[in-house]
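First chain A sits with chain B, and in the next complex the same chain sits with chain C.
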Partner chain A sequence: MKSYRRYMTSKMVWYILTFVVALFLNFLLPRLIPGNPVSTIVSKITSGMADTNSIKRVYETFEKEFGLNKPIWEQFFIYVSNLFHGDMGTSFGQYPRKVTDILASSIMWTIGLQLPAIIVSWILGNVLGVLAAYIKKGFDKVLFPVFLFISCIPSFGFAIVLVWLFAVVLKIAPASGGYAFDMIPSPTISFFLSVVQHYQLPFWSIVLVGIGGQSLGMREMSIYELNADYVKYCRLLGLEDSKIVRYVFRNAVLPQITGLALSLGTMVGGALITEIVFSYPGLGSVLFNAIAAQDFPLISGCTLLITTGVLIANFVIDIIYGLIDPRIKVAQQE
Partner chain B sequence: MKFKKLVSIILVFLMVSLLIVGCGSNSNANKSSSNGTKTTTTTENTVKPGEATPRSETLYISGLQWGPPTTFNPLSPSQTSLPLSATSIARELTFETLFMYNQLDGKMYPLLGKSYAFSSDSTVCTVTLNPDAKWNDGEKVTADDVVYTFELGKKYPVSWSSNWNYFDSVTAKDDTTVEFKLKSDNKNPLMVEEALESVYILPKHVWIKIEEKDNNDFSKISSEVNANPVASGPYKVFYYDNAKVVLIRDDNYWGKAPSMWGKLPAPKYIVHNIFKDNAAGDTALRQNQVDVSQQFTPNIQTFGPNIKTYLSNPPYYMPGVIPWLVINVTKPGLDNANVRRAIAMAIDYDKIAKNAMSGYSGTMSPSLMLPLDSEQKLINQSQLAPLQWKSHDIDGANALLDSIGAKKGPDGIRVLNGQKLSFKVECPTGWSDWNAALEIVASSAKEIGINIETYFPQQSVWNNDMQTGNFDMGMYSYQGIGISSPWARAYQGMSSNGYAPIGQTAYFNYGRYKNSEVDTLLNQIPNITDETQLIDAWTKLNEIYLKEVPMIGLMYRPADFYTVNTSVWSGFPVDGDGTNIPPNICMDGYGIAALYKIHSSK
Partner chain C sequence: MKNNFSIVFKSSKFRLGFIIFVLLLLSMIIFPLVNSEDPLKMNYAMFQKPGPNLPLGADNFGRNEFVELIAGGKTSLIIGILAGGIATGVGLILGLFGGYIGGLVDDILSSITNIFLVIPSFIILVLISVSITSRSYLTTALVIGFTSWPWTARAVRAQTISLRNRDHVNLAKVSGYSIPKIVATEILPYIASYVGMAFILQVASGILSEATISMLGLGPQNTVTLGLMLNWATMYEAQMSGAWWAFLPPVLMIALITFSLNLMNTGLDQIFNPQIRS
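After this line comes the complex of A and B, so read on.
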């Protein structure tokens, strides 16, 4: 157990180090884009002005307000110290909204869309993989190739196909938005139904594209396991098929859990383009708009969220892997 | 089964940990989330939460607001475009200006102000207010409010601060009379009139408290969200979130008095759904989910009989802006007026109008003026005609370049005085009609042996390049329509007041053009009252422009793409209906009169 703790500590140090470097890059990289973000914000009010001094005053006021007149290292330290207070700064593009406010209002849409979609596609994919490996027949000859084909289409491309088919041709699903165009959000049944209706296309565009990739890995692992000596031995012993499949599934699913954890970690960034296609009010749309507006604090906020998600997911895998696979725990303890 | 349990525990753990990631960093925000979404307390007869706003009482708008709504604060640089926009023709839905500008007849119509008059020497402008005008909290709109509003512009850097360039003082003579004293050394009645129709009047009793609360700290004042604005206009902010803004009619609006409109505007709600791009807005327009669209929609004539534009024939929209190809006249090669003229002659304007603008631009008639009667009558056409270039005159441009000794090098590109005529032209990425126009410019220039490369960076990069002079040629729109046009357009494009050396920031006249004769004319024009003198001055200024070509008008763009859908609402103003209501999307300047004219289609 002592060596396990040492292993955890060294892992932890690495994660913290990675986090610090990521934090620095999150801050620095957006600021390397040439151009003056203030111009995007104030251009609306200065467009009608014909007096250099007044316009200059507006620019200077907001450069000061956003701290852009300070050297970049000083901006970094202000950023970090504010971060400790849970303050990610004020958005430039959506001034005067706080970055944390914007993230809070959009993260739930993203998690609500992505988490169920990833889990459902993971479960369906793994089940399909096992069935394709064990039962073969239609699963291996028809369903599996079909989903493999779909998974080759980028999810945003597939999303556009779905919009065209279900919203434009069949007209049975709304084309965009998180809820009906004439509704005002509130905790009522009609609003909830509207959200569910608008949920379908983005949800299935992620699920259907995900199934193929998940089942591919699962099928390979299952075939490998099915040929393993213990399976043959079980068969000789006359064990039921369903029991054997259960053993096979347990062994084959291990690498799949890594895949699940990783995709959960990247889910915030992964939905970016799907969200944009459907005008879904999630984090992807926020990040996209922030990049276009050179909204440094908001870009940094989004990427920090994504980085943290990936790091935590990896860390959790490291911990639980030892727990669910005794072989790894043994290796760690050696 | 044990394994299943384990997996489910892991999944739950992962979910929770991710939720913590999401919410942990936001815990601070939730506590102080005063400027997030909000629902106003409902008054009688309004929709209940979760219900849809009744379609027949709601006017849907698109194409004004693209990002999430930010503030409803007229002092903030980032205002939500519905209902706020205080540019050269102000949006009159929630806040109101003293007068409304009508681009059709170029006249000012009374709103909060009943009348205005300049003294005989144009040094004083006296405005009389409508005594019926009230704020939506019941208080009266007084001369004090007007004075206070303009004083705010002196105190803080806001959109109307530059008016103080032309004012000496603004004083209240009595409750309903305001006197604007003009600066004697920079007397410009045009800009004073523009202030009357573009500056929102704010309630002193509200803003003085906000100032006090924020200790006169502008960064605090400008970041006030002002979610429930106290204003004088017919609509109040009802609800907003990342996806929409909903306005509700104020049934106690003062304008229903006979001295103003005599009734309330027709729509009870005005809603702007925020679409991700033009295509999404166009889809909504086709599905009758938008009534008034201010979007660039190609081939609008194919949208069916319910979709109408102001003009029933091409170019469908009223011209309102000239997007210019601004030339950096300090760059070697481009500092030669003949080279600039050759480029202007070579460009295929007809192709730009047809391909880049979907036919929404009329034939170009090179000058500083828009092809509107109000502007065209200011110039002597026959005097300018010999100087004006035609579309795609390749032979003429080649001959001109040959005559100044710009010979083609081995690569087919001309060289003038050792300088290869090879330039870069830029505009923001994603501005599809501009991008297409510049591609046409590049291919036209190639035909005369001038190499032009297109460059489409992010908007802020382009903005920065234009301001610091770090460009060869760039696309930019100076002032469009408004009471101060075309003067403000010429001033922004050619006045040496905007000049800044390369590397330093200029805020207009990005081309760095300098000409003392132009400066003199620009100083004189606002003060000329005699018509012949005015035509003389404008013709002279246009002559200089056509000879010097510091910038090239590429197309005429409408100020607003005024497209209406008559399936739910009818009676929208169109050309020739005799109402004299301009196509300003039913809300800008005198265009808001349309809201009193439209009615349900059923």
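After this line comes the complex of A and C, so read on.
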């Protein structure tokens, strides 16, 4: 257990370092905009205001909030210390709402949609992948190109087609939103049913595309394992096929866990865009509206929150990987 | 060289992918020569239905969807190839030198690679694109290229390390060759097939990245790409008005281009890695 703790500590140090880099990029990149961002923003907000005095006051407020009259490294420390106080500034687009409030009201929608979708697509994809590799012949010949083609469709593209097909042509599912537009979020059964109804299309458009990608990786790993010597040996011993497939699955699924960690960023990105197609009340839609309104504090809040989410998910995957891969335990004990 | 090509074409997957890709490429090159209609010109009614002169109808701006599709596919492909080239180039250089030189250089390079591997490139793409107010398709390609190199770098580094202590490399070292020369003549040829495959995948993911960033409203300006077409279709709710011709063609085009690239990649993989032949 001591060795595992060391593995965990080293991973943790890496993730903290990565988080600091992400934090810095999040701070620096939007500030590379040529020209003074405050005057750009103020001129946008105050267009139509005639009173020079109030324009000046708006300017000063923003300059103070961002500390733009100070050197850049000091600004970074102000940014970080504000962050640890749970302050991400005030939204320009939805003034005077706080960025943290907007993010807090949308994050649960995104987690509720994406976490189950990614887990379900990973599990289904892996099972189908090992089956495709094992059954081969017709199954593999048909499934492989189909999965490959599906995995090539971006999930938001798939989403548009699903909306058109199921909401407009067949009229069996709602087209947009997280719940019926005439409802107010409340812990009632009718609200819950409405949420479930609105959940279907976004969920399946993320899942189906994910299954395609995951099953391809699993199929390839399984073919590799099926050609390995231990499988031939098991066959020679006369072991049942179902038992062999289980061995193959266990060996092939390990790299798939790392594969999930690597593709997580792209999957989350695609799924966020899928939210836009459905006007789903999650982070993707918030980010989209923030970009349209040039709402920099909100954009920066969204990107930081999404990065943090992906980092945490990656960390969890690493921890699980360390628990189930016996090779890591052995390597640590030496 | 000729022998190599005949081996590659023995794979039915590579053949199919190659044929689809070449057909798409030819249509993108030949069609503009035959039809000189400006893809950005608004000649028709909003979401005009497909008809004899308008094979795929018109989009929300009243532009000829088919002409747009060909032009958009071409721009998307150019973005993909440029971005893929940059990503593969940067990843290759960092991976080769980190892996070959080792020591502190490798530690620093692989730390940077590992950090950028976990930070979603999509987020960096958003942060940079927000900061650039005027974006041509070249800027978009550059930004995508410079944010998607990490996994190539990591894979190339792993391959280089496995080659670093081979006899022929040691021989070159003893003969007093310079590091760039050893890397170029003794290591690069052994991973060339792998780099080729990585490039193909990077082109495909570059096209998808363009679509993603365009959907957010951060795509290139004054041009038409497949991602922009999808963005316009969603903004003007083509799916709600039942105008399938406004969104189905770009979705299928994205899928078809990346499908053909992925097929070629799988075909190549089966040839260069005999262990995964089914």
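We adopt the following convention: the second predicted complex is superposed on the first by the 238 of 334 C-alpha atoms of A that agree within 3 Å, B and C clash if a C-alpha of one lies under 4 Å from a C-alpha of the other, contacts with A are read in each partner's own complex, and residues count from 1 in each chain.
Rule of thumb we're sticking to: a contact is a pair of C-beta atoms (placed from the backbone, for glycine too) under 8 Å apart; a residue touches a chain by one contact, two chains touch by 3 or more.
All of these numbers come straight from a predicted model, not from anything done at the bench.
Which holds for A:Thr61: it touches chain B only (first), chain C only (second), both, or neither?
Only chain B; A:Thr61 stays clear of chain C.
Name the contact category of A:Leu148: first (chain B only), second (chain C only), both, or neither.
second
Would you check which partner chain A:Val207 touches, where first means chain B only, second means chain C only, and both and neither mean what they say?
In the superposition, A:Val207 touches no partner, neither chain B nor chain C.
Just to be sure I read the superposition right, which of the two partners does A:Ala292 touch: chain B = first, chain C = second, or both, or neither?
Touch status of A:Ala292: both partners.
Given the touch rule stated above, what does A:Ile118 touch, chain B (first), chain C (second), both, or neither?
neither
Looking at chain A, does chain B or chain C touch a larger number of its residues?
Partner with more touched residues of chain A: B.
After superposition on the shared chain, which partner residues are touched by A:Ala175: those of chain B (first), chain C (second), both, or neither?
A:Ala175: touches chain B and chain C.
Determine, under the contact definition given at the top, whether A:Thr100 touches first (chain B), second (chain C), both, or neither.
After superposing on A, A:Thr100 lies in contact with chain B but is clear of chain C.
With both complexes overlaid on chain A, does A:Thr188 touch chain B (first), chain C (second), both or neither?
A:Thr188 sits against chain B, while chain C stays out of touch.
Is A:Ile276 in contact with chain B, with chain C, with both, or with neither (first, second, both, neither)?
both
Output the chain A positions appearing in both contact lists, the one against chain B and the one against chain C.
33, 175, 261, 264-265, 268, 276, 292
Chain A touches which residues of chain C in the complex?
Residues 111, 114-115, 117-124, 126-128, 130-131, 133, 151, 204-205, 208, 211-212, 215-218, 230, 233-234, 238-240, 242, 244, 247-248, 250-251, 254-256, 258-259, 262-263, 266, 269, 275-278 of chain C touch chain A in their complex.
For the complex, give me every residue of chain A touching chain C.
Chain A residues touching chain C: 14-15, 17-18, 21-22, 25-26, 29-30, 32-33, 133, 136, 140, 145, 148-149, 151-154, 156-158, 160-161, 163-164, 167-169, 175, 220, 223-224, 227, 261-262, 264-266, 268-270, 273, 276-277, 287-288, 291-292, 296, 299-300, 303, 306-307, 310-311, 314.
Given the complex with chain B, which residues does chain A contribute to the contact?
33-37, 39-62, 64-65, 85-88, 90, 93-98, 100-108, 111, 115, 119, 175-191, 250, 253, 257, 260-261, 264-265, 267-268, 276, 279, 281, 285, 289, 292-294, 301, 304-305, 308-309, 312-313, 316, 320, 323-324
What residues on chain B touch chain A, complex-wise?
My answer: residues 3, 6-7, 10-11, 13-15, 17-19, 21-23, 25-30, 32-33, 35-37, 39, 47, 49-53, 55, 58, 60, 67-68, 70-71, 76-79, 86-88, 157-159, 161-162, 164-165, 191, 194, 198, 218-219, 222-225, 239, 241-244, 246, 271, 273, 275-276, 280, 283-284, 289, 430, 457-464, 467, 479, 482, 488, 491-492, 497-498, 500, 505-508.
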